[in-house]
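You will see chain A twice below: alongside chain B first, and alongside chain C after that.
Moving on to the complex of A and B:
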C-alpha cells in the first residue's frame, strides 16, 4: 500500500540539506521567531513565564515560510520531468505523496524544535507551565502540517514553484482569517448561516488562539488531522490527473 | 521464448488527439525491439503506458503476465525504464541517486551495493560518482539514467531515445552496452530511436509506428528489403556522360539516380569523366552482374561498385509519409 514511502521520505529530507534551502529556511525561521517574540511581542517586558507571544507569532511565520517549503514538493518534479521517473519506479502513489509530505513536515518540525533555547530560557527565568508549552509546540506542529498539506496539493497542480507559492499563501491566508470579519462578510452576503458558521470553524487563528495558551483540545487535533488527510487525498488525485500535463 | 510484453488494443486519447490507436504488440525474451516512427507517432506514449506512467484510455498492457493497470507495482519492479531525456534528480550526486534507486527497488545492504557497483561498472560511471548530477556532461547524465534503469538487472528494459543528443562516441558506448545486455540473455529490450543505423546496429526486430498504429514489423533486414534501394548498385566509373542512359536501358533496371559531383564549367562535355550513380532494380530483380558486365564490355574503369542491402530511412519515409 505504502511501498516506497521510506526511500522517498529519506531522499526528500536529505534533499533539503544538500542545497542551501535547509540552512536558509532554519536561520530565517529562527530570526523571525525571535523578532516576533522579543521585538514585537515584548516578551521580556510582559514579565510572564509562558511562551504565548512566541506561539501567537507562529501562524504569521508559517504563512510565508511553509509555502516556501511546500512549493517545490511536486512542482519541481513536474518541471524537471522526474515525476515520470518517480512514478514508474515501484513506488505506490500514496507512498510517494505521503513520503514527500512527511519529509517536509519533519523538516518543519526540526526548525520548530530548534527554538528550544527559548523554552530553556523561560524555565531559567521563571516557573512556566511546561505541559502548556508542550501542548503549544504540538499544536504549532499540527498547524504547520495543515499549511504544508495545503501547499503540497497546490504544488502538485502546477509546474511553477512561484505560482505554487503565491496560491498557497493566498489559501493559507484565507484559512487563517476564516473566523474574521472580512472573510465572513464575504460569505454573509449570500450564503446561509450554517455555511458562514462552517467557514468560521475553519479559522486557523481562532483555533490556534487556544493552542497558544496551552489548551490543545481533541477537536483541534481532529480538525488538523482531517484537514491534512483531505489535502493529501486531493494531492493524490491531482498528481494522478496532472502528471502527464 | 516467453512473452515478456503484451499489449492488446492499447489505446491512448489526449482530448481530440488519438496518440496510440489499438496497438497490438508482443515482445519475447531475447528480442531487442527497435521502435521507430516520426515525432508524435505514439512511441513515447506507448512506452509510458507499458511502464505504468500513463493510464490507457482502453486496451491492456502487461509485462510477464501482470496487467499494468491491475498490478502496477508487479510490472514496475520488473521493468527498467529510461524516460525520454533521461530526467534525473539534478541536485543529488550520482552515487546518492543510485543508492536511492536501489532503496526504492527494495534492495538493501550488501545486495544494494553490489547492484550499484555492477551498474556503475557497466556504464563506466566510477569517476563521477561523487559529483552532483547537474554538474555532469550530457553523456554522463545519460549514463546515470541508464545505470538507474539496469540497476536491478530487470527482465524488461525500456529505453526512450537512449542515444538522443549524444556525440558519436557516446552513442557507440550506449549501443555497446545495449548489445552486451542483450547478449547476456533472458531479457526483452525495447528502445525507441530516430536513428535508423542504430536499429541495424543493435535490434533484432524493428517496428515502425505512424499515427499510433504499427505500419511495419520485421527484422531490420526484412524492412530493408522493402526499400527500393534493396539490391541497388551504386557505382563510380570513368565513363562518358551517356553512361547513365545506357544503364537505365539494361533489363531489370527501374531507374538510375545520378550522384555525380557537379561538373566544372567548360568540362569534358561528351568526353569521359567520373560518373557516380545508383542503379535501382525493378522489384525482385538482381542487376549487379548485368551492370558490372556492361561496364566491362564498354571498357569503363570501375572505381567502386557496391550492392546495397536497402535503406531503412527510405523505407521509413515511404511508409510514414503517406
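Moving on to the complex of A and C:
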C-alpha cells in the first residue's frame, strides 16, 4: 500500500538540495531565528539560561516559512504535469503523499537542528534544564509537522503555488490564533460553548507553549498527530479526486 | 458532479472525525502528561495536593486580572496564565470544594472599584490611564477572606506556595500559639540601673499576630497547645529544659531558634572582667541538640563581610570618625534567599545582623542529619573572625587590614529539615535531685525519633532582634535603622505556623542566570571595591596632609576677609584635587570595563548564533554549486 514511499522520499529530499531554494530557506530560517531570539527577544539581556524566547518565536517563523516550503509539494507537479508521470510510476498514491510529506518534514527538521549552536551557547553560559529544551525541540518539530500537513493538503488542491502559499498562511494563522479573542468572538455569537472550547483547543500557540515549557501532554500529541493524519488523508483524497477528474 | 460531491463529503467527514477525536481527548486524556522539566515545575507537589484534597467547606477563589494590558505585556501574560493554571489544578484536585472564577473588570467600572476595596492592587502602568490588576481574593463559608494583592513576575517560584497558603488559611482559620523561651529581650529588671526594662519591640510585636505564651527556661515540658517554640539566646539551659525542647521537636513541634556566639546587647556579667574581654558571658548555643542533629554554629568565631559591612562612626582620639564595621552586616538582596518565603517578604528588603555566627554541617553526628537550606548568606567576600576582642567597636577600624576572606558565603540563618532522632537516645535525663516519690510519674512516652520530619529555622544572631538594632547604633537616636528584622521574625513564625503539607512546598524553578555573565559582573564588582578602598586611603592620606599643613602653617586672613593660603597649603589643596579626580576616573574606568566585557561576550554570541551557521550553509551551497558546475563542464567537454 505504501509502495514507493522510500524512493519518493529520497527523490524529494535530494530534490531540495539541487536548487538554491533549499539553502536560501535554511539561511533565512536560521537568521530569523537568531534575530528573533537575540534582537527582538533580548535573550542575552534577559540573563536566563533557558530557550523560551527562542521557542516562542517558532510559531511565527513557521507561519511564513513552512507554507513557502509546502506550496510546491503538489502544486508544482500539477502545473508542470509531472503529477501524471509520478502517478504512472509503480508508486502507490499513499506512498507518494507520505513520501513527499516526510521529505518536507525531514527538511524542516534539518533546518531546526541547525540551530544547535544556540543550545551549546546556553550550556556554556549557564546551567539550563536540558530536558525542557529537548521537549521544546520536539514540540517545535511537531508543530512544523502540523503546519506542513496543512500546507501539503492545500498544495494538492491548487495549481498555483502562490495561491497555495496564501491559503496555507491564512489557515495556519487561524490555527495559531484559535484560542485568542478575535477568533473566538467569531464563534461565540452562534456556536454552543463546547464548540468554542474545542476551537480554542485548536490553538497551535497554546499547545506548543505547554510543550516548550517541558510538559508533554498526551492531548497535545494526539492533537498534532490527528491533525497531521487528517490533513494527509485529505491530501490523498484530493489527489485521487483530481486524478479522476 | 456526484464524484466531486463524494469527495467533499469525505473531506467533511474527515473534519468531523478530527474534531471529535480532539474533543474526546480533551476530556478523556486530561491529566495524562509527562512533566519533563528537571524540577517537575508544572506538577503540583504532594503537599499542595494534600491541602486541596482535604477541604471540607467550600472556598471561593476569584482571580482578578486585566485582560487588555495583560495581553500586551508578555511577562504578565505568562504569569497570569500560570496563576490560572495552578489555581485550576488546585480546584481540580479539590473535587469541587474550590470554586474558581476569573474576573476582568472593565476600566473605570464599579467592579474595578470593588476590586480595590477587596484589597487587590490596581497599578497604573502608563500615562493613558491603563492599569494592571493581577490579584487573588479567597473567601470561606465563615466569612473569612484572604487576599494576595498582586502577583509579580519575579515570584513565580513561590506561586504554588502562596496560593496553597491562602487556601490553607481559609480552611483552618485558627490563630496559632507560640511559646517564647527567651533569656533576653522579654523585659525584666536591670540590676545595674535598678530599673525595669521593657521587652524588645520585635518580641512584643508577636502578640499582635499570634497567641503568645511565655515558657520559663526551667520548663521540663513544652505545653501541648504550643505550635511553635521560639527560643532566644539559650544560655545554660538545663538538661531537662533541653530534653523538653528535644521532645517538642520529636512530637512535630516547629522550632525557631536564635543563638549567638557574641550577643553585643547582652549586658552579660559586668563583674566578670575576663568575660567582659572575651565575651564569653554573652554567648548562647543549642549545641546539645543541634550537634546531635548534624548542625553546628560557630562558637568562637563570627562572620565579617567586606561587601555587606555597614558604615558606622567609631570614637577615635576623642572624635567620631566613620569606619566600616566588618561584623555588622546589612544583608541585601543577593544575601537573601529568593526562594524562601521568610526572606522574600522582608520589608524593607534588608536584614541586619551583628556579630553573627556561621551555621555549618557537623559531620561527625550520629544518626540522620538535618538538611541545611540557607536563608541569609554572607557574600563571597566574607570570612570568619575570632570573636575575641570584638566587644569594643572602637577598634573595628583595625580589623580591615588583617581581615581574611574565605571561599563562599556563610549561612547566618537557615532552614533545617528532615527526619531526626532524639538527642537523648537514652530517654529523659536524670533529674538533678532524686524525686521524692520515684515511681509516681514514669516519663510519659519518650519519643526516640521525630514523628514527622523536623522543621526548624535557626538564626545565628540574637542582636538582630534587639531594640538597639532598630535604632541607630551610635547616636542612640530613635531614627529607625531601615531593616526588615522585625518582619523576618514574624515571617519566620508565620511560615512555621503552616501545616506540614504547606511547609513541604518548596519553591521550584529558581532563576537560572548565566553563570558566565554573573562571574564577569562579580569579578568587576570586586575589583571596583578594591580600587575604591585604595582610592579612599589615598584620599584620606591627602586630606590628612592638607590638615597638617593647615594646622602647622598659620592661615592668614586678608583685609577683605579672604583667606590667603601658604604655598604649601596651595600645593596640598592641588594634590587633594588631583587625587579626587584620579580616583573618580579610575573607578569609572572599572565600571566601563565591566559593562564592556559583558557586552563583548553578548555581541560575540549574537554573531555566532545569527550569522555563523547561515554563513556556513551559504558557503556549502556555493561550494556545492561550483562543484556541480565544474562537473557539468567536464562532462560537456568529455562528450564534445
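FYI, the second predicted complex is superposed on the first by the 243 of 245 C-alpha atoms of A that agree within 3 Å, B and C clash if a C-alpha of one lies under 4 Å from a C-alpha of the other, contacts with A are read in each partner's own complex, and residues count from 1 in each chain.
As a working rule, a residue touches a chain if its C-beta (ideal position, glycine included) is under 8 Å from a C-beta of that chain, and two chains touch if they have at least 3 such contacts.
The shown structure was predicted, so the numbers you read here are calculated from the model rather than taken from an experiment.
On the superposed chain A, the two partners chain B and chain C both fit, without a clash.
In the superposed model, A:156 makes contact with neither chain B nor chain C.
With both structures placed on the common chain, the touch criterion links A:4 to chain B but leaves chain C unconnected. Of the two partner chains placed by the overlay, neither chain B nor chain C lies in contact with A:183.
When the shared chain is aligned, chain B comes close enough to touch A:88, but chain C does not. Seen from the C-alpha centre of chain A, the directions to the centres of chain B and chain C diverge by 170°, a value given as a multiple of 10 for the model superposed on chain A.
With both complexes superposed, C is the one of chain B and chain C in contact with more chain A residues.
In the superposed pair of complexes, A:135 makes contact with chain C only, with no contact to chain B. Residue contacts after overlaying the shared chain place A:15 against chain B, while chain C stays out of touching range. In the overlay built on the shared chain, the residue A:228 is in contact with neither chain B nor chain C. Fitting both structures onto chain A leaves chain B and chain C with a minimum C-alpha separation of 5 Å. Counting contacts as defined above, chain A residues 244 meet chain B in one complex and chain C in the other.
The touching residues of chain A, when paired with chain B in their complex, are 3-4, 6-8, 10-11, 14-15, 18-19, 80-82, 84-85, 87-92, 243-244. Residues 17, 20, 23, 26-27, 30-31, 34-35, 37-39, 44-45, 47-50, 114-115, 117-118, 121, 124-129, 131-132, 134-135, 194, 197-198, 201-202, 213-219, 222-223, 226-227, 230, 233-234, 237-238, 240-241, 244-245 of chain A are the ones that touch chain C when the two sit in their complex. Within the complex formed with chain A, the chain C residues making contact are 3-4, 7, 10-11, 14-15, 17-19, 21-23, 25-26, 29-30, 32-39, 41-42, 511-518, 602, 605-606, 608-614, 617-618, 620-621, 624-625. Note for the complex: chain B touches chain A at residues 48, 51-54, 73, 76-77, 79, 81, 83, 85, 87-92, 96, 100-101, 103-106, 132, 148.
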